[in-house]
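One structure is given here, and the rest of the page talks about it.
Labels run A, B, C, D, E and F following the written order; every chain starts at residue 1.
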Amino acid sequence: MAASPASLAGRFPSERFNAQNCRRSNASLICGKIPPRRNHAQRSRRLPKISRRSQRADLNEEILGCGHLGIKRFFALDHQAYEPGPLGTKTKELLGLVASAVLRCDDCITYHLVRCGEEGWKRDEVIDALNVALIVGGSITIPHVRRAFARMREIDGLKSS
Amino acid sequence: MAASPASLAGRFPSERFNAQNCRRSNASLICGKIPPRRNHAQRSRRLPKISRRSQRADLNEEILGCGHLGIKRFFALDHQAYEPGPLGTKTKELLGLVASAVLRCDDCITYHLVRCGEEGWKRDEVIDALNVALIVGGSITIPHVRRAFARMREIDGLKSS
Amino acid sequence: MAASPASLAGRFPSERFNAQNCRRSNASLICGKIPPRRNHAQRSRRLPKISRRSQRADLNEEILGCGHLGIKRFFALDHQAYEPGPLGTKTKELLGLVASAVLRCDDCITYHLVRCGEEGWKRDEVIDALNVALIVGGSITIPHVRRAFARMREIDGLKSS
Amino acid sequence: MAASPASLAGRFPSERFNAQNCRRSNASLICGKIPPRRNHAQRSRRLPKISRRSQRADLNEEILGCGHLGIKRFFALDHQAYEPGPLGTKTKELLGLVASAVLRCDDCITYHLVRCGEEGWKRDEVIDALNVALIVGGSITIPHVRRAFARMREIDGLKSS
Amino acid sequence: MAASPASLAGRFPSERFNAQNCRRSNASLICGKIPPRRNHAQRSRRLPKISRRSQRADLNEEILGCGHLGIKRFFALDHQAYEPGPLGTKTKELLGLVASAVLRCDDCITYHLVRCGEEGWKRDEVIDALNVALIVGGSITIPHVRRAFARMREIDGLKSS
Amino acid sequence: MAASPASLAGRFPSERFNAQNCRRSNASLICGKIPPRRNHAQRSRRLPKISRRSQRADLNEEILGCGHLGIKRFFALDHQAYEPGPLGTKTKELLGLVASAVLRCDDCITYHLVRCGEEGWKRDEVIDALNVALIVGGSITIPHVRRAFARMREIDGLKSS
């Protein structure tokens, strides 16, 4: 289910975000990031259940509402890093996935896997990117790669056919 | 509930610790550290339940009782690093919190959050320290910052008012 | 319970592995590695239950069967790194344990603890190696050392007597 | 010698910085950060020579002038993280030092050492903070602690008396 | 100057590499990797001088000739990870750059910057990728980003116009 | 040249060290550690020149003489971790080497390479250990492995024959 606008409203100052453009992605519920706007076709995809999602969304709201301007700005900057620029969002989400994998952060890997699926990367392309992470990061990343494969079972477009 | 002396007794050689000065902090049950002595006012605070606490205390006892002198000495040295010196304990616990956050160790973050609350740091001060960690460590620390906020819900003095 | 040949068959191309030489170690179920051949005495040891083991074996099969040659080759290379060479397997498993501990990967620590027990390292030797990791890696490794002690309770040869 | 306004002018949009408030700290030349305003007494301190400083300042100018808004904003956010808030700048520079030490970044350690000296931390207090980093981060941080001691020889207020 | 075949010959078993297809990239001299074949247009580009390059090539030869099959195979696997597959080489080199940046390895960053230039990425695209690394990895990556900018001054196609 | 007793005397409390048992290893000059006693045959080996060695020894003296008891104790504990225990010194130095390699600390790798040579490990055994580090730590360790090979050229017993 898509994030309800009510649960996201008020997270950001009104001059930057409004409830409507926050109604965008399930990925935002996982890793404290506000993903870019999706078109209708993307929005209609149904994401499989990711555990403890509502607790995370709740914590993100608490963090963004805690009154620390620096944290709020960093969350916004993190969001903007994946918006279209010289590189497109699709490419940058794959960069985010590999960065997360070599730094061995499961929550971050999950976030970027969901986003990569939404951006249209195919399963074999994502696996090829995970191989780069595996070679750069070594066998210490294997447990995270395994959990990435487990997550892909839940993500439309990245499931094994 | 405060750690019972019985559960902590025998963890250290008698020349260094006794049951009384180990009856000090709930934080010790979480991260294998022996926090400094607290005065009566601090002791009377009741810490909210932290999950799997007794299992951890049990493992700490097993480690300190395993007969390896080097490990026992390192645990003591780790404890002493936060005792008053040129810097006070309060300052050093905040340093420990930021170090734990940039190194992305949830158990260590929880330990130092509990200790920061005990030492009298306020919620907005702890959040300001977490912002330093977030900027130094980047978005890869976000899931840990989120879990830190979840922990603060359980810690007197760090709860959202 | 030992991995059944059926569950492992087909993970590798026939020129490299067959079902028989995959029927080797419980450790392979934990961390995506193919441990070396064990003799009968070793095979007859019964490993204590490690949680979520079958899910991990299932994911390893999925990864090795996903069709990416690079990943399959890296898994094989990782396996071969611990086979007898200028250094024996026993020594190399202890190196793997310390590397896993300073890099703070619980799944990897568990894998190498199981393998160290199988290779004949004694509990006090493994603890001495963990002390090296603790000194090199600092107090940030304490939660992982604690979980290593918890794991040793389940591993024959590494249990506290 | 303090950074000349000319070399720093134009790095930031006019609404945020001007040449005057950039004429502040030698530390800014080292790590790409814009340290907070210093009063006259602080400004009059003469910093010892830090090698390759002008090359670094030159690169910072190139980065901030490269036209990427996200990078410019992150540099500003990094700067703001150490400005007075619930915690004072003095405390936050010490947090930055310990974070840099456990993450083992020599350039970052140097930057925060210079800033800690400017903020009035004494040598024994800085050493006490480095001890926390040493215990948290382990012996792998020793070479960085050694280089921190070498740097302190060049920093007024942190020199051995 | 391109690596001379003589200096590279004999590094790999004949069934895998020959002198001709090793005469490919200056990047191979920096980080121990064998980059993919380049067409004539790419080969004719002249790379600026990178310091200590010949010493590195010399060490790579020593490593690949040391007789350890596992190391030789890992070097080959590392090379193959960037060859065309579901993802193209161009995309994978950018993934390698970001992975290197968040893991803060200057030599690896240099290698992938050279390769990104060879693959046709533009300066503003590479900077956009470095911004992702900066946001994911935090301010601790700033010194490495600065050195990346210094390196780009020497790399055709990535120089500031 | 071996460290002169005069330069080391007074670094530690008399009950723990004396000038004589500090006159032991060139490795101590590199990484702030006090290596174990060597027999005459080992002492008579002449180590090749390692750059900036005397500056490092000088800094170690400054750190140990700075008056911080915690730092002094940690240096001693680090030293003791490699003394004979359930595992011998020879084994533990190899563990230290692999831990240093996967954590990518060149100074620490150099220290343990020197010590491994002193303890009698052969070149091909050290290379086999470095291969474990390479597989565990991935291609990001390659520049460090390369520098390890460069160091071995200067260390008796580890030179290529």
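Following the convention adopted for this analysis, a contact is a pair of C-beta atoms (placed from the backbone, for glycine too) under 8 Å apart; a residue touches a chain by one contact, two chains touch by 3 or more.
The structure displayed is predicted, hence computed values, not measured ones.
The minimum number of touch steps separating subunit B from subunit F is 1. Homomeric contact subunit B/subunit C: same residue numbering on both sides for under half of the interface positions. Its interface matching that of A-E in over half of the contact pairs by residue number, B-D stands out among A-C, B-D or B-F. Interface comparison, A-F against A-D: more C-beta pairs in contact at A-F.
One finds 44 Å separating the Cα centroids of subunit C and subunit D. For the pair subunit A and subunit B, the distance between C-alpha centroids works out to 32 Å. Computed centre separation for the pair subunit C/subunit F is 29 angstrom, with centres defined by C-alpha atoms. Looking at subunit E, one finds that residues 68, 70, 74, 77-78, 81, 85, 99-100, 102-103, 108, 124, 127-128, 131, 134-137, 139-140 touch two or more other chains. The touching residues of subunit A, counted against subunit C in their complex, run 104, 124, 127-128, 130-131, 134-135, 139-140, 142-143, 145-147, 149-150, 160. The touching residues of subunit C, counted against subunit A in their complex, run 31-33, 55-56, 59-60, 62-63, 66-68, 70-71, 74-75, 78, 99-100, 103, 105, 107-108. By the touch rule above, subunit D contacts subunit C in their complex via residues 102, 134-141. Contact residues on subunit D toward subunit B in their complex (touch as defined above): 77-78, 81-82, 85-87, 91-92, 94-96, 98-100, 102-103, 108, 122, 124-125, 127-129, 131-133, 135-137. Against subunit F, the residues of subunit B that register as touching in their complex are 68, 70, 73-74, 77, 80-81, 85.
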